[in-house]
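What follows is a set of structures for review.
In what follows, subunit A forms one complex with subunit B and a second complex with subunit C.
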Partner chain A sequence: MTKPAAVPKNPKPKVAFYWCASCGGCEETVLDLDERVLDVVAAVDIVFWPVALDFKRHDVEALPDGSILAAFVNGAVRTTEQEEMAHLLRKKAKVLVALGSCAQLGGIAGLANLSSREGILQSSYCESPSTVNAEKVFPQTLYKENGYSVSLPGLFETVCSLDQVVDVDYYLPGCPPTPKLLWDAVHVLLGGELPPKGTVLAPDRALCEECPRKDTRPEKLTLKEFKRPQDAVIDEATCVLAQGVVCLGPATRSGCEALCPQGNMPCTGCFGPTSRVRDYGAKALSAISSIIDSNDPEEIEKIVHTVPDPVGTFYRYSLPASLLRRKKIDEALKTK
Partner chain B sequence: MSNPESLVAIQNSFEPKIVAFFCNWCTYLAADLAGTSRIKYAPNIRVIRTMCSGRVDPQFVLEAFARGADGVLIGGCHPGDCHYQEGNYKTLRRVRMLRRVLREMGIEDERFRLEWISASEAERLKVAVNDMVEKIRALGPLRLEIKAEHFPEEVAA
Partner chain C sequence: MDARNGDLRIGVYVCHCGTNIAATVDVKAVAEYAAALPGVVVSREYKYMCSDPGQELIRQDIVELKLNRIVVASCSPLLHEETFRGAVAKGGLNPFCFQMVNIREHDSWVHQDRQRATEKAIALVRAAIRRVALHKPLEKKRVPIHPDVLIVGGGIAGIHAALTLANAGKHVYLVEREPTIGGNMAKFDKTFPTLDCAACILTPKMTAVKKHPNITLWTLSEVTEVQGYVGNFEIAVTRKPRYINEDLCVGCLECIEACVYKQAKVPDEFNLGLGKRRPIYISFPQAVPQIPVIDPETCIDFKTGRCKKTCIEACGDRHAVDLKQQPKQETIKVGAIILATGYQTFDARKVPDYGYGVYPNVYTAPEVERLINASGPTGGEVILRDGRKPQSIGIIHCVGSRDENTNKWCSRVCCMYSLKLAHLLKERTGAEVYNFYIDMRAAGKAYEEFYHKLLEEGVHMIRGRVAEVTDWAVTPEEEGKLVMRAEDTLISFVRRVPVDMVVLSVGLVPHEDAKDVRRLFNISCSSEGWFLERHPKLAPVNTFTDGIFIAGACQAPKDIPDAVGQAGSAAAEAMVLIDTGYVEMEPNTAYILEEECSGCKTCIPLCPYSAITFLADKKIAHINEVLCKGCGTCVAACPSGSIKQNLFEDEEIFEEIRGVLANA
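For the complex of A and B:
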């Protein structure tokens, strides 16, 4: 009698990574685990990771539903393909983690919601100075020639965060999340004692709390002018906001260990809101405009205009997850 | 909707919905006074009383628009008269910044208004509300269309 092939008693849990509309920075986070990535690989089986491994979509489709312990998906959702992959991974994974600002809040890619799809295509395929497209060829979702057909994913009018498309269990904030947060998250998931659904796996306090410059923040902080970082010489030791540079630390979740202030740059808000805030941009706007040092309407108007791009400043990472989500569509079509 | 006659019909029957955040110490009392003095103004505002116009978080304004308001009106105490010293100044600063965000999001200036109305100025309240209603009526409904639910139809284009 032959013995059946040895089946490991506890097969390693399966983990998948996927990227939607993202820059690849979140993939860097995984690599930035350095040698610890070997520990991760020792503890789990990576069954899907398009940026690094040669598994295909049909390999994921072949897995039983719910057989992946955790799928880490980064990037916003803006094409039909990304939407399909989000649904597929949701079905196959027990736990779906939105990795990074784009998946959590829509991210930089979400600023496309200030334009229309038509305007974006026009600008990218016709109007940009480096484009020559006299025949006005645009990408087609389906193209047929000589009995063959090829297809491309379709582009949505509105960029979405991951949880606007599928149910998401946990969020790892950041652009990108720090390796430490990812490492901690992997440990939490492997440990089996899962936090409540919907938890953002980072401390629930404002960034100022962990900023090394916090003691230099004045009791009453008021400003006559907002400066952009390129227009200011930022002192390396004192509170960045107190120096007049728009720093969104007061409105932003901590967990990055104040990387930007430590690099002598203001916080731009990539970790998003704390749990008590619904709309990050509105709250950041509220915090920053309240400290304007004037009671005179005209002077206030002048100071307000020293922030040249309010939506890009306050909603840099979170426009799709905001209450308004996008520029009103008929207005977007007008302006392209 | 593409039928021009039905569009005209919609515009004629359109009643703007306006969410009004009124400070407890001034504009809310002005609205009270308008009632007791039998001053009539357009019935299009839904008043929410706050303890100070400074309590009006920009999130409240955005949520009102997101949930279908055609306009948002904030009523606070005249400069220098704030019950809490400088709550209304904070409102003014936030409103000026928020207006720029709304503009960029395609929401017209007439839909978002800040008025200083003291407890005795029922007439001023009437004028402000009526004026706002007429301006929004002329603009038409806000129609913030969020198309995320309609992925398949969208891509068909």
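For the complex of A and C:
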């Protein structure tokens, strides 16, 4: 493994933030640093941060290549604009960090890979109950009127994680990453002792390790039924999975300090897999299905159906980064 | 290719297997293709890689060309993986720096298109070459073996195996669920083709078992739990109460005579319900152990608590009768197990056309064995259920054998025992005996001669499967008789043969609970339910579970000589294991990455070998390397990828897949 080049300490290093296809939650993480954000600002120059500062794309283009210490990019990549910005920031930054589940694995936005582009546009611009679009106007990448033209970014057929588009140095997992992880990451980057390229900047054990309910999981746990959180009264002290609610803690990287179980909710897997797992959803599915308590195919079928949305459950944050990446497009077209 | 193997030097060997592979796969093309792949130093094809010169090729190349990885493309690893690992080791290389490709069972034997079969062989070889680059040297671990042997089933096979091992100085636990050992053979009258008395040849061996200092005999006992692994099994045995203390009883049998039941009233299991016994009884005069047993279902004291207990009185000072006896749990350690659980006979009620259970004078062959036995319910006289002596007898072969509607297999013994019964019945009754057969199978030593002897004795042989047995008379001479209707296929004529007695030569079927036994001992069954041998020709008494052997008819129908032969063979296999003193464990075991395990416990209940435990102090899982069989279940299930398996690491498998798909 190669390490990115060491970072010079003076003058004040430059940092950029950018969002691609995301909800904005990762930006909140930066704000959730609270007053510590001032320490960050004291230590670095923020040269680009569309959500908070009024720098433009041409300002970034004007910077010499490699002059930004670190660019934190959140969100998945699903438009031509996001792809261009990813390439631009890659060129200008020494270190490119994929911030959050969407950038790391495709995230919630990645579930769009169960549909086709055409299906998405149909649904959003024609079929949704709140839409009135009698003329069937769809977004176009270029529109000309009276000699003037306006353009829009193009929408890809398939949502990508950041590293499927550009080379990524580090990953900060989570939906969103916790402020603590971001703070630690900034320290690591400023400290100059860089970890090997490709490192996910979070612990590499599964969540059970730091879950306060760990000791209450029985050694031989098997289940006849899976419950959804809204259908269960979850006891606050015992292992959520042992109560029949699908908790993906066993498959999910730790580092969040078991925020969801601490809030009496199951882990949904936003921190993604450990470094040893190639396909998060397949592993999670394999682990959960192996505790089904039956040898009768019909009964197993019934139990399996108590997880109503398997892809949305096991690949909630990682479909684009999975081995399969997406639903086949002709299949997606059939079902939209 | 993996960066760690910059100085990768691979040797590839493609086997013709005579024409087994070469007829369908262009082995030369495969070898030439492999020669051009990165890392490959030498690539050869050879007629028989498993032969001495073939193995020598590998050894020599390792030495002369400094090879550090070997790929052999030949047959199934089940057959020759050990052979080639041995050849690799002889060359001074770690035997696990080797990968075997199966281009016979997986390719040449299942394809016809030579070009496509060759392409498949090339893809498989390419995958192996890429995989083997990642192989790491591994060591086999040695585990000492417990010298005792468990034998389950006290029929002739179990008895013979027990005596063989005990005579060789091994301690044997012989566990039998019935009150006596002897099994099915003890119920036979005479044996074919020699017509020597079954009891006369069997009972000395039974007594020898009881007397042998190296044999612990537990009757009325069943194995209830099996833990551990080859060389180190831990067995729980439940000993059901006999209500007679075996240590105190001297076998005088006075208690039986003293029973308040003056008349025997209970249907006698040993005589298949043809005779009666008391609630306290002994199965048959030569039963071993020679100790009565009390049946709590019918004993008055157990049912009402108000019996005069004359049995206790008769026993007197010996105090051997113990009506309070409780089941006893024994736990033993053994290094090897021989299963000799035998067979049961086909339930003749499943062929309603033959009227068993409807017409009282339709008998099964085992019933007739008891009927003609001198210690049987009639003292050896052939008297029908209606009290008559039969003047004419029909024997139907293949009942529940060689039949699409019941069992497809040939039970192997029925032709011969039918002939034996024909001889004995004719001898005892002077009746006319008709044998209805499909084919006469007399393929054993002196069997054909016995058949000819029967023909000369005037037994009628009718070649044809009986369509039905009925009491519906159509002619005066059929009145009061059982009429057997069958096509005599040698003269193409439908015959009706009226007889007094019908004997159904029922086939051999696996025990009803054979599947439970299979699960208990974790061995495989064929789809019919017979215990599955490791190899039908070359490992007939081994199972796929190391340290567990099978003998006798639990593996498939067989006659006494074959059962005894197999029992001796199983005993020898067990002895080889024990005298070796240790077992080598395959290193393809799974292991926990302790630094990575989150202690989620997902793996623990999944292990079929109970090899995984939870370390309470470190709060992580732990795999007992010796118990692990390398099945990979936990590796696949570990949600955080913190269990790895030697020879099946993710990268090795991914590299293999990439290799297969490289040109796709």
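Worth pointing out:
Here, the second predicted complex is superposed on the first by the 327 of 336 C-alpha atoms of A that agree within 3 Å, B and C clash if a C-alpha of one lies under 4 Å from a C-alpha of the other, contacts with A are read in each partner's own complex, and residues count from 1 in each chain.
Simple rule for what comes next: contacts are C-beta pairs under 8 Å (C-beta built on N, C-alpha and C of every residue); 3 or more make two chains touch, one makes a residue touch a chain.
Being a predicted model, the structure only gives us computed values, none of them experimental.
In the superposition on chain A, A:K283 contacts both subunit B and subunit C. In the superposed model, A:S254 makes contact with subunit C only, not with subunit B. When subunit A is checked against subunit B and against subunit C, the one touching more of its residues turns out to be B. Once the two complexes are laid over each other on the shared chain, residue contacts for A:L207 go to subunit C alone; subunit B is not touched.
Of the two partner chains, subunit B is the only one that A:F314 touches; subunit C does not reach it.
After overlaying the two complexes on the shared chain, residue contacts for A:E219 are found with subunit C alone; subunit B is out of touch.
After overlaying the two complexes on the shared chain, residue contacts for A:G263 are found with neither subunit B nor subunit C.
Shared-chain residue A:T274: touches subunit C; no touch with subunit B.
In the superposition on chain A, contact is made by A:T158 with subunit B only, not with subunit C.
Once both structures are placed on chain A, subunit A residues 277-278, 283, 286, 290 are touched by subunit B and, in the other complex, by subunit C. Residues of subunit C touching subunit A in their complex: 593, 595-602, 604-606, 614, 619, 633, 636-642, 650, 654.
The part of subunit A that touches subunit C in the complex is made up of residues 204-209, 214-215, 217-222, 248-254, 273-278, 283-284, 286-287, 290-291.
For subunit B in complex with subunit A, the residues that touch the partner chain are 57-59, 61-63, 65-66, 79, 86, 89-90, 92-94, 96-98, 100-101, 104-107, 142-148, 151, 154-155.
Residue ranges on subunit A touching subunit B, taken from their complex, read 80, 83, 114, 141, 154-158, 160, 164-165, 277-279, 281-283, 285-286, 288-290, 292, 294-295, 297, 300-301, 304-305, 307, 310-311, 314-315, 322-332.
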